[in-house]
Amino acid sequence: MDELKKLMQEVTAFSEERDWDQFHSPVNLAKSIVIEAAELLECYQWSDQADPQAVEEELADVLNYCLQMAAKLELDPAEIVRKKMIKNALKYPVEKSRGRSDKYDQL
Amino acid sequence: MDELKKLMQEVTAFSEERDWDQFHSPVNLAKSIVIEAAELLECYQWSDQADPQAVEEELADVLNYCLQMAAKLELDPAEIVRKKMIKNALKYPVEKSRGRSDKYDQL
Amino acid sequence: MDELKKLMQEVTAFSEERDWDQFHSPVNLAKSIVIEAAELLECYQWSDQADPQAVEEELADVLNYCLQMAAKLELDPAEIVRKKMIKNALKYPVEKSRGRSDKYDQL
Amino acid sequence: MDELKKLMQEVTAFSEERDWDQFHSPVNLAKSIVIEAAELLECYQWSDQADPQAVEEELADVLNYCLQMAAKLELDPAEIVRKKMIKNALKYPVEKSRGRSDKYDQL
């Protein structure tokens, strides 16, 4: 089994051991992802320099809930990221978007 | 190379091709993760039922930026998730936290 | 002076006394608003029932940073809310949007 | 009636006219606040310079939902902001916190 599927199984097992599946509805996982993402942003609230240890832990929390949500919805994380990249490649063709941070509808 | 590292290289290559690395400071990636996480939550804004296609795409966006941030900070996504799980296992021992959604300081 | 302007002065004075104005750039206030908004959401992370005291305090924190941001950008909070409501009234005419949570582009 | 209560009545009336009260549970309003706060942050995603018109509108959206949430929970916005400021003044005494962005537990 590949590394990503294995990791997804590990985070799911952690929750199952604690009987937390009952709390992990898709909407609650979506809330949890944004809550952890805001804690990651908090590392950079007042400065562009952040405590590396805190950043690492908060990024891990976001990833953990993302993997749990993918598992819950029976999505393959690598597959959905690749599918979205193909879509993004059409919205952001290299020649038009190079060196520009504009949204696709302003390119 | 494992699947996760390969995926991380792909999302990084996508940005490099577009010369977007200049915009992808850690703080900007942290902002981007929370922005995409809120778009994922928006799928569930008024209802616990969401459009599966929209959810898949927004979750992919969150994951994509998380992998870019890991790459930028030279972190191994699987390793940081596992390290944090070990820490969480100490905060949430199975016997104490089973079936409870309480925070560790309230267990 | 009206109540809202008075409150805006009070939150601004609190920061000025602490010489925090140097940290309160518009982008940092925008980060702070989303960080506090996520703490408010955290009250409802696993349940629709929340601790009223915690909700009250987190909502106060969001409002506080919103007023500081308005002050920093020299915006009148009541005026911008009313201007946006006029715009929203055009996007969501009563007859079309009554009883529906759809976005304006799907009405 | 003071300006703030009047504004709160106006945003509430806007929703009532559209029969949106059914969607505006406290948890959904909390989600809405974080969603709008992330749209405000999006104005600053890649740069500290933002489009003033977009900032004004997104800040208005955050404020609007905050006032709706206060109304729904029968909270007085000015009162809760002031109560929280008193609490914050104890956590961040002027002499200790002046010119520092540290959290109260690190002062």
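Order of writing sets the labels: A, B, C and D. Residues in every chain begin at 1.
Just so it is clear, contacts are C-beta pairs under 8 Å (C-beta built on N, C-alpha and C of every residue); 3 or more make two chains touch, one makes a residue touch a chain.
None of the values given here were measured: they were computed from a predicted structure.
Across the two interfaces under comparison, A-C and B-C, the one joined by more C-beta contacts turns out to be A-C.
When chain B is laid over chain D using CA atoms, the rotation angle comes to 180 degrees (nearest 5).
Averaging C-alpha coordinates per chain places the centre of chain A 26 Å away from that of chain C.
Centre-to-centre, using mean CA coordinates, chain C is 2 Å away from chain D.
Remark: chain B and chain C have CA centroids separated by 26 Å (rounded to whole angstrom). Within chain D, the positions touching two or more other chains are listed as 23, 31, 34, 37-38, 41, 44-46, 101. Taken together, the chain A residues at the contact with chain C in this complex read 23, 28, 31-32, 34-35, 37-39, 41-42, 44-46. Across the complex, chain C meets chain D through its residues 2-5, 7, 10-11, 14, 17-20, 22-23, 25-27, 30-31, 33-34, 37-38, 40-41, 43-44, 48, 50, 52, 55-57, 59-64, 66-67, 69-70, 73, 75, 77-78, 80-85, 87-89, 92, 94, 97-99, 101.
By the touch criterion stated above, chain A contacts chain D in their complex at residues 31, 34, 38, 45-47, 101.
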